[in-house]
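Take a look at the following structure, please.
Which chain is which? They are A, B and C, in the order written, and residues in each are numbered from 1.
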């Protein structure tokens, strides 16, 4: 174990999980989560993120490896003794109990006396601004209200670790954004550790201290949101997080931290080698749409440019989204801010586009 | 247009249906081996004589009384002839659901010209009832479970010390009450006088009470042969024909105890309210099916005695097994040395009352 | 602007009151809906409501006496049975006239059968006297007191006349009284002789055993339903087939199979003797008693418990149990506090279904119930098919129906019928 592991609050140590004995849904997972950290597991469905959460909660057992909580292995501790709060995808509020009874339930099973229970329930309801709703049944609440109650219930017994399984999936966009902020605020105030599972990258980026991107049973990248977005480690992350333009080609040579890539149509561009190492390797060059420049004045001196044909222009209010044909790729997107001096490209127009070499990342093909 | 067509079609169907009904005759009986004997002895030859006629069997005799009443109330009589026991025949007769019969007019005389009333004699127990066969409710016992001294008296049924084990009895007061009183020392001709008093009823129940814990009560005639075959009971009452087939056809280790066998009859009733043409057809069938030869023929297939005196000499061998049938008839002199004939009239009056008492006694 | 000051009813665009337009619009919808359910409605009316109404009517109907013996009924009105004397000549003469007329129409034996249910002997009294009645000359043969008593002794018995008087009215509560072990006598209502009391015992037994059957169905069915709703669909489909399998075999076959299994020389006893758990001469009695009935009926009715339970349990998401456990509840607490309360509607539906079916069952108790395991329905069946006492059968049936409705009402008050879910 490394020093960092010992400081960590939650540790997955070479964890594997298989349901059928033939295929692994979680492959050799190593992950340390610090105390007070807000960590999001992000990935497409079937990537293993929910399985990891369920193993941490105790509803699934690891086929191999250890999970440590506060330094202690918890593989053999049943879920109800782990003391982990959990918010479920559909809230799982008990329909036959009132809101107050739902909140009181975890306190009752801990044999807390009545007055203490009532005080804690009131405090938890206050925290989520649901104080007046204690006597209601869950079915009498709106989705957002149910969400708050579910949050309060997971927190009322003061767990140090709270797991959230796509808690905002059932809410509409506006409410979801509001709740993202609210969950983040409460988590910060209480100083609890949160492991949050979602397939919504915006949610992951806005809320998390760190994001673990899952695919194919592995963590593809574990990084703070900005790093994840701006410096994806491989093409999966690049494509999964945010919008991304890709161009395919072969590495010509790598020199001084710059790779020369010959695109499939023969043009040569410069890119930052991320996980390519030797000439001759196929690569996927990735450029964010907002980092593409077509205004010659703003392009760096001597920057490589490519010719592009404008195919489509879409007005989106705050930004313009323009689709181009570049080096055979007809889905090359550029995004420009709707500023007074911004030029609106016309379909059929031929332009030159370019970018900073460090914004153009040569990734695995 | 459409409506007229529809009406035409329906009336055509109705005509077709009634035409078919003229060709069909529905006869209600008990099913099983008994129906088989009737089919072979009566139905098949009669249909051979009347090519256009089709006899439909309905195995509903067990619910005949209730169904005839329901048909009568609904005004939709679908049965032409019904096979019942005399007690049911009397109920049907009392309810006006079965037709009174002028026996000498309806039934064929014996081959020697003896009128039907004389040939059937005392077996004409109700004016609506045309007897076919005499059967008896009697006991069978497991020959391998009674040691070297097989039971010879009906009172052995009440002797748990001599013949330990269970016995099966029919779940009704009839027969059982009489046997109980007989074995409690009541003279045969005094049985109904005694049973007519509260003390007599109590006495019969007391006697039955001595074996109550060892009794398996049956409802269907097939139960006792099965219980005997399984060794569940050491002895049990049932219809003699059932025991015959268990012994002769299935080779079960069962012996017959004929002592105090309770004679009963089975025969036809004609429902009241048949339309003219159907009635004529039924009367023709009945005249054929109850003549001397036909009744004798039935005994080739089942060990029940023909109800006509003139049929007795014609009883021959079993149609398939080839064995002499006479010794297996309840009416054979060797089997009928000590018999019990129950009083239909008395039971008609007291059946409901005693049944209530019997059920209450069972539930105690 | 005028709309806001308008105080009368709201008007539709054409000026007619809005309510009436709405009604007219809805009426057509209602008529169409009615037309759609009409076949079912007619079917239920004919096959369900009408027979029940008929049964209720039969349980009090008694017109046969006053219709067959109109003169006697009138003449008997003033007779005081408590004096201990036979009715006077007028009554006997009326009876002779009624008998003669009834015998001519061949309906005298029916009234005899009817009255025989109340007093044994009346059946043959009417049958025998009916045969002689045609010979009587009503003008000359009097006094008929002597004629009748000479023809049949029974006419000289007080009980016969008391019975005719008590059962003179067109409607009677006599069947209902009989159905609860009471009887209607000339001096009022009195309990039946102890050796004839059976129905209260049977009612109580039927209810007690039906509760037993319901409970054992619940205890056996709950875990099965839980498995059904929580297993992966392949295994649960297989299990569902096993649950439904009994429906594919005839009821009689299944019941007979229980006989083969349970009888003293049966499979289970043979195995127990072979293993040495039971001595050969001390084999267990498992059939022809209450145990046999409860066992066989539990087997037969189990699917009716499992299916409603399953359909309710299937709708309970597994996340509730997980949530409860994550909140610190042990497996048992999570089940008892969270899962069980949500399965109560299924328990209610299954129990009501099984109980009502059990209360009315008669084939199985008849075959395996022996003497102590039979139900009230067996007596109802007996009175329908054997004794033809349909009035009593109807009264027993009406009481049974009344109890079931009462039970339903109590359930509604205690649990709420809205809480019953069949799917």
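Things worth noting here:
By definition in this document, a contact is a pair of C-beta atoms (placed from the backbone, for glycine too) under 8 Å apart; a residue touches a chain by one contact, two chains touch by 3 or more.
In this text the structure is predicted, and so the values were computed from the model without any measurement.
Chain centres were defined as the mean of their Cα atoms; on that basis the chain farthest from chain C turns out to be A. Distance from each chain's C-alpha mean to the overall C-alpha mean is smallest for C.
Counting C-beta pairs in contact, the chain pair with the highest total is B-C. In this assembly, the C-alpha centroid of chain A lies 87 Å from the C-alpha centroid of chain B. Distance between chain centres (mean CA atoms), chain A to chain C: 66 Å. Inter-chain spacing, taken between the CA centroids of chain B and chain C, is 31 Å.
Per the touch definition, chain B reaches chain C in the complex via residues 62-63, 65-66, 69, 91, 93-96, 100, 166, 201-202, 216-217, 219, 230-232, 345, 348-353, 355-357, 359-363. Touching chain A in their complex are the following residues of chain C: 317, 319-320, 322-331, 333-334, 337-338, 341-342. If you check the complex, the residues on chain A that touch chain C are 57-59, 78-81, 83-86, 88-90, 92, 94-96, 105-106, 109-110, 153-154, 157, 163. In the complex of the two chains, the chain C residues touching chain B come out as 106-107, 109-110, 112-113, 116-117, 120-124, 127, 195-198, 201-202, 205, 263-266, 288, 366-367, 370-372, 379, 382, 384-390.
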